[in-house]
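Note that subunit A is present in both complexes that follow, paired respectively with subunit B and with subunit C.
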Partner chain A sequence: MKARVTVMLKDGVLDPQGEAVRHALGALGFSGVTGVRQGKVIELDLAPGTERDEVERMCEALLANTVIERYEIEMG
Partner chain B sequence: MKARVTVMLKDGVLDPQGEAVRHALGALGFSGVTGVRQGKVIELDLAPGTERDEVERMCEALLANTVIERYEIEMG
Partner chain C sequence: MRAAVLVFPGSNCDRDLAVALRAAGARVDMVWHKDTALPEGTDLVAVPGGFSYGDYLRCGAIAAQSPICRAVAAHAERGGHVLGICNGFQVLTEMRLLPGVLMRNAGITFVCRTERLIVRTAESDFTAGYSEGQEVVFPIAHHDGNYTASEDELDRLEGEGRVAFTYAENPNGSARDIAGVLSENRRVLGLMPHPERAVDPAHGGTDGQALFRSLVGALAAA
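After this line comes the complex of A and B, so read on.
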């Protein structure tokens, strides 16, 4: 089975990487882009029957820095 | 309006970052993780009425390296 974890910086935390992308898009002529936030996505192949709880523990332990990042889990 | 772009390495392209995460999860006792792929997610705030086509052009021009990466666009 698979799970997808999306990790984004929390609102209010400066995102210089996203800001750099926004600036570069503007320089390329994409003028309608008013904001960019960049995060990471982690696709996990899991043993059958793995619970969402266990993926949550992975996020808390390693995948996200919960001081500055939030995460979403999609099981599927 | 918003769009979310997910960029992953194509299948067959080595993903050392994902492999490092898999190894670290194993070391932390999460033994059921058989594979990990890591990618990036880019959330765009767009001017109202922006077409999916334009986001696709952003991906081709800047957001993804289409030689080794594939991308998915979700408008919403």
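After this line comes the complex of A and C, so read on.
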């Protein structure tokens, strides 16, 4: 089984990389982009029967820094 | 006085840090990240700059989970001194020994230059060799030095006099110009600038000497 963890900066935390991407898109002529937030996706291959709770503990312990980041877990 | 300098894959300021500590009178052991214990009698753990584990996931995140860092956490728990410089500061925030987090520089670019800092408190073994308000010049060299914490946390740090250094001219977007912070018991210091690169006249400045001398002096006397 797999889990997909999406880690994004919390709302309100300045994302300089997202801002740089937004500027670059503007420079390419894409004038309609009003905001860009950049995050990361982490795919986990898991032993069958792994509980969502365990993935949540992984997020809290390592995968996200909850001072500035939030995460979403998709079990699949 | 015994200092342990941690060495991770990707550390690159470990030797400079050892040289600075030895010059101040410390006996220095280099300690590999896979070790599970600090040398007997370690007074200070020094976490060096560099790019531990290639900055994978987040700067300092993997190093913070390494075997030696469990021993460092126990050392801090006992009231032991810990100094983290640059990547070492990032490791200490990831270990939650210090509050906040170091984000990508607001200007996106890696910044490498000498920077003027203001000493904000002389009330710690790290900063006792300076006076409050004194200006010092340390080199900086980082991509992720943008200190961020909640407004409440920042208020608390300032209110408790735990901001050790601020930038005279903010190079990276750090909240409230913060360059270095102390733990609640004032025995853990993390800072982005490199005092160990300012301890020899050949470095172009020696403002970092006072940090190592006062720290080694205080711990040798303890």
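FYI, the second predicted complex is superposed on the first by the 76 of 76 C-alpha atoms of A that agree within 3 Å, B and C clash if a C-alpha of one lies under 4 Å from a C-alpha of the other, contacts with A are read in each partner's own complex, and residues count from 1 in each chain.
Just so we're on the same page, a residue touches a chain if its C-beta (ideal position, glycine included) is under 8 Å from a C-beta of that chain, and two chains touch if they have at least 3 such contacts.
Every value quoted in this text rests on a predicted model; they were computed, and no experiment measured them.
When the shared chain is aligned, subunit C comes close enough to touch A:14, but subunit B does not. Within the superposed three-chain model, A:54 lies in touch with subunit B and out of touch with subunit C [touch as defined at top].
Once the two complexes are overlaid on the shared chain, A:68 sits against subunit C while remaining clear of subunit B. Residue contacts after overlaying the shared chain place A:35 against subunit B, while subunit C stays out of touching range.
A count of residues in subunit A touched by subunit B and by subunit C gives the higher number to B.
Touch criterion met: A:24 reaches subunit B, while subunit C stays clear of it. Residue contacts after overlaying the shared chain place A:46 against subunit B, while subunit C stays out of touching range.
Residues 61-63 of subunit A are contacted both by subunit B in one complex and by subunit C in the other. Interface residues of subunit B facing subunit A in the complex, by the touch rule stated above, are 6, 8, 18, 21, 24-25, 28, 30-47, 50, 54, 57-58, 61-63.
Subunit A makes touch with subunit C in their complex at residues 13-14, 16-17, 20, 61-63, 65, 67-68. Touching subunit A in their complex are the following residues of subunit C: 57-58, 61, 65, 93-94, 99-101, 103-108, 146, 148-150, 173.
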